[in-house]
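Here come two complexes built around chain A, the first alongside chain B, the second alongside chain C.
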Partner chain A sequence: MSLGRLEDVRFRYPGEAAEALAGVSLPLEPGHVTWLTGALGSGCTTTLLVAAGLAPRVTGGERSGTVEVLGVDPGSTEAAAVLAGQVAFVTATPAVQLSGVATTVREEVAFAPANLGWARDRIRSAVDRSLERLGVAHLAARDPGTLSGGEQQRVVLAAMLAVAPRLWLLDEPASALDAQGRGALYQLLAEVAREGAAVVVASEDADGLAPVADRLHVVRDGVIALSGEPGPLLAGEQIWSCGAGSTAVAELARMAGRLHADPRLAFPYPITVDEAVRRWSV
Partner chain B sequence: MTALRFESVSFAYGAHPALHDVSFALSAGEGLALFGPNGAGKTTLSRLAMALLRPGSGRVETGGLDTRGRSPEDLAAVAGYLFQHPEAQLFERSVRAEVGFGPRRLGWPAARIASAVASVLDEIGLAAEGERHPYDLPAPRRRLVALATALVADPALLILDEPTAGLDRSARAAVLRVVQARRARGAAVLAITHDPGFAAEALDRGLVLERGRCVRDGPLWDLLGDPALGLPLPAPAAVARRLALPAHPPRAAAVAAAVAERCRALGASLS
Partner chain C sequence: MLLLGVALLAMLLPGPEGPLALYAATGAALTAAGRARAVLRGAVVCLPLWLFLFLLHAVLGEGPRLALGPLSLSADGVDVALAQAGRLGAIVSASMGVLETFAPSRFLDAVAERGWRFHGAYLFVATLQALPRFRDRAAAIVEGQRSRGLRLGGGMVARARAVVPLALPLMLGALVDVEDRVIALETRAVHAGTRRTPLDPPPVRRRDRAWWAAAATAVVLALTWRLWR
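Then we have the complex of A and B:
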């Protein structure tokens, strides 16, 4: 069963002549990691803001079309009661997502469960599990304001995970993470999807997301220009003409192809090092 | 000339030690990548270099100036700083005013400010955004504005805290271009980064912090791909190594040329 959908959504920011979204349709499917990519200003972030109900409620602007999450429009006044604890929205700047009222990481992660009125034991076990899964249990007693950028990003994710949201909306969620943290985060997204959540992530990190995403949507000028399984789209040429990009290996193959016309350097491009080594050894 | 020198520097946030006995020096034109897991002390080190923090013990010299007894303003002419979160450094109402802020504080005449601002906005691809409010720009562009404020006075030292984090492809390419150009003109660059691909293209030395200590300091290509350090080898370098391609150092352009050459040779042997 679907968790919700965007249907022919159009959106215009206040004071802007051009539409940021010009008819986006996107199913929100439980069990799937859905990956949005596109050039800057293509509409990926706006799609997430609309799905979260933050656009236009917080951003201002005008929206048309249908947005539905768990049977309600997330931008409507009745949505808060239905969607509390059900939707996680993660931005690229974690510091702005800290509650600002917690003096320890443990309190920060307990903030949302406590607001949902959970029993003390349930909060404790959810918080412990969440801190563990994000690898920040050792920071439990620290003041969130004094953590490094990457640590804050993990704590924000742990705080979201604690309430087991059914819809995850993430905008470049690994921007401040080190290589291990990045890999662990993508694995976590795959896991919460397997556990039944719908995960939508906007990112240009093709190397990181290619192995975990179920479906890729390439956004250009406010519409979804390409959709499909990530592998074939990443190996193709069209994704580049959309202003998006592919993996570092595909980019390398294109660079080499500009220097020498050769079927081994033409698309479909290799997208992993293993594929490239196979292709260019014979 | 030494652009930045740390001598046995230690620092703690209250009871939390953040840096322990760190020493290194950075010369003009050098490009240093500062690596380390989240919480290793990288941002603390950069803030010490900018006199935003003072060492608990040891000595920090930025552009030849001992940071003790100096304020960040005293370093404005010698070092440019990109904060991890550009929101921490943007407060003017237009991009042009924002980028002109530092030069105004340095007392430059208006004509010189206008030409320096125009030139840096052009260099970084923001020429069309001069009259926009920085907060009306998408986050990656806002980061480029913050970078422009660090570049505008043409400092001999650039300290960049995660310059490519969260950037889109074109903004990342702009940052890469700028770092290469400034280094070619003799500026020293210290970049905190989790992006080995960027480091490989833009820099050539690496320093690894772990729990506040410097555990490695050496040529970048000795560090990338070392499993003990958790720094993945960038894809072009991995391809070059696996195919034993003659590309040294294995930056993307050199590897692409070697791949093209390999395919040309394979093609000839087939026919």
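Then we have the complex of A and C:
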């Protein structure tokens, strides 16, 4: 059963002549990691903002089309109470996602559960679980404002995880993380999807998301230009013409193919090192 | 509560003895509570204002004169300056004491415990917490613009010209931050419509209640006395 959907959504920011979204349709499916990618300004972030109900409620602007999350329009005023704790929204800049009032990481992670009025015992166990799962339990007593960007991003993710949201919307969530942190993040997203959440990630990190995403949507000029399983799309040529990129291996193969007319370098390109080794060692 | 009491008393007590006694009492209470640094910081903040008050009222004031070494001072002006200085010192010292002891999350817990509106309290605490970040960003912008060739020294005109490239990114950055923070809070259940759970509310001890009662009584007595008089 679907958690919600975007149907023919159009959106224009205040003062902008062009539409940021020009008819986006996207199902929000529980148990799936959905990946949005595209060139800068293509509309991936706006799609997430609309799905979270933050556009136009916070950003301003005009929206048309249907947006439904857990049976309500997230942009409506009554949705705030219905969707509280049900939707996680993570951006690329962790420092501005902190509550701004917590003096320890533990308080930061407990901020949303406390706002939801949970009992203290329930909050304590949820906070402990989240801190453990994100590998930041050792930072529990630290001031969130003094952590590194990567640590802050983990704390923000732990804060989201604490309330067990049913819809995760993430915009370049790995940009502040190191390679190990990125791997752990994508693993976490796959796990929460398996636990029944719907996960939508807007990112250019093809290497990180290719192994965990179930579906890839390539956004171009405010519309979804390509949709499908990530593997075939990343191995093809069309994704490049949409202004998006593929994995580092696919990019290498593509560049090499331009320099050498070798059939092994033609598309479909290998997208992982293993695939490349199998193909190029022949 | 105590800060409010000090502020009200500072306005109600007649000068210069009342405000000076209040300042002395505030300083003594803070020192006894191990917050002598707040008194010192308060004095540092007040010092230029005290000098200004002295100059304005005592040196430049009118009326009967009294001699203080080589200075000829207005007797009434000295009283006014001392009264204002005492009021300022008491309020600033008490404020510094509050700032030094203020624990944002415990304040929010105390607000939640009493069932008061969370949003106003959040705004107050978030503003206090944002000040150091704002200061850091301002310093970074100054360094950034300087490295791009902006001259911060020179005459008044040069300094005036430097204001826009410094202030504009600071203000724009703050506005972007506000929008991002709103987005973040929207997804942290601040509009859940439920009563927030106080995680670790500060206990209200018998001693605290006694202090509050003493402050309230002093304010009522001072008000009554002022009205009666």
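The rule is simple: the second predicted complex is superposed on the first by the 282 of 282 C-alpha atoms of A that agree within 3 Å, B and C clash if a C-alpha of one lies under 4 Å from a C-alpha of the other, contacts with A are read in each partner's own complex, and residues count from 1 in each chain.
The working rule: contacts are C-beta pairs under 8 Å (C-beta built on N, C-alpha and C of every residue); 3 or more make two chains touch, one makes a residue touch a chain.
Just so you know, these numbers come straight off a predicted model, no measurement behind them.
After superposition onto chain A, partners chain B and chain C are found to clash with each other. Of the two partner chains, chain B is the only one touched by A:T247; chain C is not.
In the superposed pair of complexes, A:Q180 makes contact with chain B only, with no contact to chain C.
In the superposed pair of complexes, A:A119 makes contact with chain C only, with no contact to chain B. By the touch criterion defined above, A:A81 lies against chain C but remains apart from chain B after alignment on the C-alpha atoms of chain A.
Once chain A of one complex is fitted onto chain A of the other, the partner contacts of A:A159 are limited to chain C, with no touch recorded for chain B. In the superposed model, A:V223 lies in contact with neither chain B nor chain C.
By the document's definition of touching, both partners, chain B and chain C, reach A:T93. With both structures placed on the common chain, the touch criterion links A:M255 to chain B but leaves chain C unconnected. Contacts of A:T146 after superposition: chain B is touched, whereas chain C is not reached. Chain C runs into chain B after superposition on chain A, and of the options 6-14, 24-32, 42-50 or 96-104 the stretch responsible is 96-104. Residues 93, 96 of chain A are contacted both by chain B in one complex and by chain C in the other.
In the complex of the two chains, the chain B residues touching chain A come out as 13, 16, 36-40, 42-43, 84-85, 87, 138-141, 162, 165-166, 168-171, 194, 196-197, 230-232, 234-236, 238-239, 242-243, 252-253, 255-257, 259-264, 266-267.
Chain A meets chain C in the complex at residues 49, 52-54, 57-59, 80-81, 84-85, 87-89, 91, 93, 96-104, 107, 110-120, 123, 145, 159-160, 163.
Across the complex, chain A is touched by residues 103-105, 108, 112, 118, 122, 125-126, 129-130, 133, 177, 179-199 of chain C. On the chain A side of its complex with chain B, the touching residues are 39-41, 45, 92-93, 95-96, 139, 142, 146-151, 153-154, 172, 175-182, 204, 207, 244-245, 247-249, 251-253, 255-260, 262, 264-265, 273, 276-277, 280-282.
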